[in-house]
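You will see chain A twice below: alongside chain B first, and alongside chain C after that.
Moving on, here comes the complex of A and B:
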C-alpha cells in the first residue's frame, strides 16, 4: 500500500497549481501588503517600532470586522451602505447604557448586537419582501439610523470605564485585540467556506436563477446575509467604542466606504459570487498601513480620503475589467 | 414581372454551423413571399442578413436591380427593407406616435426640439393609409399585444419600405387579430410592396402567401407557387434529412410502470390541457417547433413556474409543490435550456456546482462535510466523463459540452426519479452531443424517466422511445416506435391533419 502512494509533493500537483491559480488574486494582494510594509519601513524610521505596529493592529480590528460583514452582502451581489449607521447606533446605545457596574457591560454588549441584527433584518426585508435594490434600501436605512443615533445622543459625549476599554483594546499585552480578530476570522472563514449558508451566499451571488432551481432558498440566504452584516457591524461597533472610549453619533460614517473598499481590494466582484476572506485581511492591512504611514509622515488626513477614494476606484477598475458579466 | 428583390448565392457560416448555404430566390412586387423550414433551417439567419443585422459571407442581395451591402439595420431601412421582429421591441412607456418615429423624430431645425404634434399627425396619416385603427396618443404598454404589434408594423412602414419582413407575426395573435393582420398585409401588398413572411401555422401560410421558399439545413429546397401545392407537399419538402449522429439503441421492451402523470395541466397562457404519462426507464420526447409552450410546461412541472389548472402525480401521489426546492426534493430534476444563465454559477468550481443541489444531504448542523462532498463530486465527474483538470476548476473555463455535463450532473446529484431536459445539446459540438445521448440512455436504463425537448428534430427521432407533439401549447399527438418519423412529428408540430399524397396512392 505504501508503495502506490506518491510522494506528497507530487501527489496532487495539478490540483495544487489550480488552487494557486484560483487564489492568485489573493496572493497578489498579499504581495502588495509586503510591498507596502517595505515602502513604509523605508519612508519612516518610526514604522517598524513595536509601539507603532501595536497601534496599527489594534486600530484596525474594528474595520476588519465590518469588512467581514460587508463581505457577506457583496458576495451575495448586494451592498450594505447601512453598516456606518449600525456602528453609530450601537456606539451611542452602549455608551448610554454602560456604567461602572460590570453587569451593565454585558447588557450593553447584547443590546448592541441585537440592534445590529434588527437593522440587518430590516435591510433584508426591504430587499427581499420589498423588492428593492440593496443599494437603495440600505441607503434609506443608513439615513434613518444615523438620525436615530443623533436622536439618542446629539453631540459626542459619555465615556466607557477605562478598565473595560483598556482590556478590549490593549489587554494581555495587546493580545486581546489580536485574539478577537483571529477568532472572528476563523468563524467567518468557516461560515463562508464550510457551511451551507456560505455556499448559498456564493451561489445566489453567482447566479440567482441557478441557485433557486438548485433548491437553495434565495429569500432565506439574502435575509441571513444582511443580518450577518448587521451583527458583525454591531460587534465591530463594540470594539470601535472601546477604542474610542466615548460616544459619537457620527463615528460610523467613514466605515461604509472603507469596508466596501477593503472587500473589493480583497478580490471580490461587486457583481457577486466571488470574494475571499483572506483577501479582506490583506486589504485591511493595506488601508491600515497607508493611513499609519501618512500619520507618521505628518501628512494631513484629508489626503487619506483622497488616497482611499483613488484606491477604491483602482480596485473597482480591476474588478470590472475582469468580470465577464 | 421584374423581381424587386433577388437573393443570389447568399451564404453565412457561424463557428461550426453552415447556417445559410448558397441560397438564391426572387421576390416579386405585390406578393407575399413565405419562408418555410424546420427549427434551424436558416430562416432567421437569412432574414437577419436581409435586414442588415448579419453580414453575408458571400453572395448578393439585389434590390431593384442594385446590389446592396448593409453595414447596419439602419442601412437596410434606408434602402427600403424593414423588418418586424418576433420579439416586440416597442418601448412601453412611450406613446404610439413616439414609438413609431423613434430615432427618426420630426425635429425643429437642427434638431434639438422635437415636434410632437407633427409626429402624431404623421402617425395618424400613416395608420389611415394602411387602414389600421390606433390611437397615437395611447401609452404603448397599455395596448393589447396585437395593437402593440401594429405599432411595430407601423414603425417599419414609416420608412415606406419596398420589402416588409414579418418574422412570425401571428404567433401571439388570436384568430380575429390574424384576420385583421391579413387585411392589412393585403393593403400593403396592393400598393405594390413585397411582404416576406415566416409562420409556423400552415393555414396562414396558404392564406397569406403567394409564393414560398423552403429551406432545409441552410440549403434551398425550392421556391414554389403556393396555389400549386398542398400542405403535405410542403412538409415533405421540409423534411427528409439524414440521421447523421449516432444514437444509442432505444429501449427494447416497453416499460409500463408510470412514474410521472400529468393531468389537465395548464397555466392558462403558454400551455393547456396537457395530459401525458412518463414511464420508468423511457425517454419521452417533445416534438415541437420553438416557442410552442414546451419551456413553460417543463418549468411548471419542475415547480419553477406556476400552473393554474391540473395536477402532476409522481408515483401515483399528487404533487403539491410551489417551489423548485420542493420539486427537487421530491425527485424531479430539471436542466434548463440556458446553462450559463439558468443552471450554473460560472465563477464557482466544478465541485461546488455539482454539489449545489444535494448540499442539504451532506451536512451536519449546516456544516458541509467536505470529504463526502468531494467524493461524490469526483464520482459524478467520472460517471459523466467531464473533462476537467480538477474539481477546483471554475466552470466558465470548461468547454460548452463539459459545462452541459456539469449542469446535468448537478440535477443528478439529488438522485431524481424524473429528469426534465430542455435543449440538452444546445451549442455543443458533435462529439459532446453523442456523449450526452449516451448519458441520457444510461440514465434511462438505470430507471430514470426522462422528458426531453430538443429543437433538433433528428435528436427527437433518434433518441426518444415515445414522442408527444406540441402545437401552440396543446398536445397534438403521441407517437411511439416506427411512427416516430420526421414527417409525422412535423405534422403534429405544425398541426396539419390529413394524409400525405404518398400515402394516398
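Moving on, here comes the complex of A and C:
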C-alpha cells in the first residue's frame, strides 16, 4: 500500500527530494497564476467580475482538455502536432451530422470521439511500426487530416442547435463546463498517477530501454498514449464546437502551439518522463488570464502575439533556472 | 579491418543520399507520366523560380536540426522580412540596400535571442523558437497595421527574376551559391564538425573542447539570416508583401530536411540530402498545381506522400 503512494523506480531518500522538487516546481507555476490574477485585478476593474470570470473559465475548458491529451504524449517523450487537425475534423464532422433531432447529437459525439481515436491510432502505428519520430509522424498526419477537414467543409458554415451549445457551455448556471473540466481532470489525474498505464507512460518517457527491460510493453504504452491524446483532443473538439456553435475547418490550428506551450509551462520536460497534471491547469489559467486581460484592456491583438511570446520565454526561463539547481 | 570499417561507414553515409536522389528522379518521371509536359523546359524553369526560397530557408533548418534543435520561427522570420522589405523599400531604388542591411541586423538579433534561450536558459528549441516566432508575428502585424503595403524596387525584381546563363534565374543562382558554401562548411570546416558533434552529444562535445555556445549561437544566427534572405528575395518574386507569405514553410522545411535523410534528433545528415528533399517537395507542389488540385486534395496527397517517403527513410533504419 505504502509503495503505491510514492513515485516508484527510485530509492526512498532520493524519492522524497525528487517529489519535493516536482511539487515546488508546480507551486511556482501556481504562484505565477496568483501574481497574474493580482496584476489583472489591479489593471482592470472588469477582471474580478462574475461575468468575466465565467467567461475566462468557459472559454478555456477546450484548451485544458487538449492540453491533457498532449500531456500523455509529451510525458512519453513524444509530441502530438496532430491535435489541431483532430479538432478541425471533429468540428466539421459533428456540425455536419448534427440536426435538431437530439438522436443525432449522441451519434455525432460518438463519431467525433471515434475520429479522434482513429487518428491517434494512426499516429501510434506510424511511430511504433513506421519507426518514425513522433514530431515527424504527427506533422504528416496533421497535414493529411487538415486536408480531410477542408474536404468535409471548405468554408466556415453550419450551426449547432442553440439549446445544445447553451447547455454545454452555459448550462445549469455555468456549472456544466466547470463540471466537465473537473471530471476530466480527475480522470486524467487518476490515469497518470494511479494506474499501470500512467506509470508506464512515465517510465517509457524516462528511459525507454529501462522500461522495456523491466517488463513494460513500450509498444502498447505508446499506442495507448497516442490514442488517449486523439480521444481527448476529440472530446475537447466537442466542447470547442459547442462554444463556437459553428463549423470551421481551421478552428483547430491555434491549439497545437497552445497545448504544447501549456504542457511545458506546466512543468513538463519535452525530453519526457516528467510532467504534472496540476501544472497543466495552472498553465492554462496563465494563458487564459493573459488573453482575457489583454482583451479587457482593449489592447490590439497584434500586441497579444508579442506579449504571449515574451511572457512564454519569461515563464520558461524562470522554470528552467529553477530546475537546473 | 579499419579500412573495411571506414568504407562501410562511407557507404552508410552515401547510400541514403543516393536513395533520396533516386526518389526525386522517380517522382519527376512519374509526374511527367501523370502530366506530360511536366519535364518541359518551361515548367522546370518555373519550378526553379520558386525552389530557391524553400531551399535557402532549408539551409538554416538543416543546420539547426543537425544540432538537435528545430526552428519554428523560420516561417515568421520570412514573413517579417518580406512585409518589412516591401514597406521600407516601397519602390525606391535607394532604399533597397539599407533595407536589406537592416533586415540582416534584425535577423542577427533574433538569432542571438534564439541561441541565448536554447543555450543559456536551456529552453527546448521547439518552444523557444515558437515563442520568438509568435512575437515576430505580432511585430510584423504591428508594423504593417494588419495590411502590408509597399512594393519591391525594380532592381530587386529584375535581379531575382532575370535569366542568367540562359537557364537560371537570380533567386536560384543565390541558392546554388549558398548551397555550395554550406556543403563545404559542413564537411570541411571546424565549425561544420562542431555542429555534428554538438548534435550527437552536447556533453562530450563540450569536454572535447568544442565551442558549444558559439556553435549554437552561430547556427541560430545563420538560420535567421537565411530566413530573412529568403523573405527578401521572395519580395522580388511576388513584388509586394502578403501576410500569407511562407505560411507552410515551417512544415515544408522540416519535411524536406527529414526526407533528405537528416536525423530529426540531430547529429547526422547534411545539406546534400536536403537539396533532394526540397526538390521532392517542389515536384509534388508543382504537379498538384498543374493538375489544378483543390487545397484539401493538395494537403492530403502531400501528407500521404511524406508519410510514404519517411517510412522508406526510417523503415530502412529499422532493419539495420
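Convention: the second predicted complex is superposed on the first by the 287 of 325 C-alpha atoms of A that agree within 3 Å, B and C clash if a C-alpha of one lies under 4 Å from a C-alpha of the other, contacts with A are read in each partner's own complex, and residues count from 1 in each chain.
The working rule: contacts are C-beta pairs under 8 Å (C-beta built on N, C-alpha and C of every residue); 3 or more make two chains touch, one makes a residue touch a chain.
Computed from a prediction, not measured in an experiment: that's the story for all the values here.
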Which superposed partner A:202 touches (first chain B, second chain C, both, neither): first
Which of chain B and chain C A:24 touches, first, second, both or neither: neither
Partner chain in contact with A:43 - chain B first, chain C second, else both or neither: neither
Which of chain B and chain C A:211 touches, first, second, both or neither: first
Which of chain B and chain C A:99 touches, first, second, both or neither: neither
Residues of chain A touched, compared between chain B and chain C (which is higher): C
Contacts of A:159 with chain B and chain C, given as first, second, both or neither: neither
Touching partner for A:175 - first (chain B), second (chain C), both, neither: neither
Chain B and chain C contact sites that coincide on chain A, given as residue numbers: 324
Chain B-facing residues of chain A, complex: 14-15, 18-19, 22, 190, 194-197, 199-200, 202-203, 206-207, 209-217, 269, 273-274, 324
Touching residues (chain side chain A, partner chain C) in the complex: 79, 126, 130-133, 135-137, 139-151, 154, 257, 260-261, 264, 270-271, 300-310, 312-313, 316-317, 320-321, 324
Footprint of chain A on chain B - complex, ascending: 302, 304, 323-325, 328-329, 334, 336, 341-349, 352, 356-357, 359-360, 363, 366-368, 370, 389-390, 392-394, 396, 410, 414
Touching residues (chain side chain C, partner chain A) in the complex: 70, 117, 121-124, 126-128, 130-139, 141-142, 145-146, 251, 254-255, 258, 264-265, 294-304, 306-307, 310-311, 314-315, 317-318
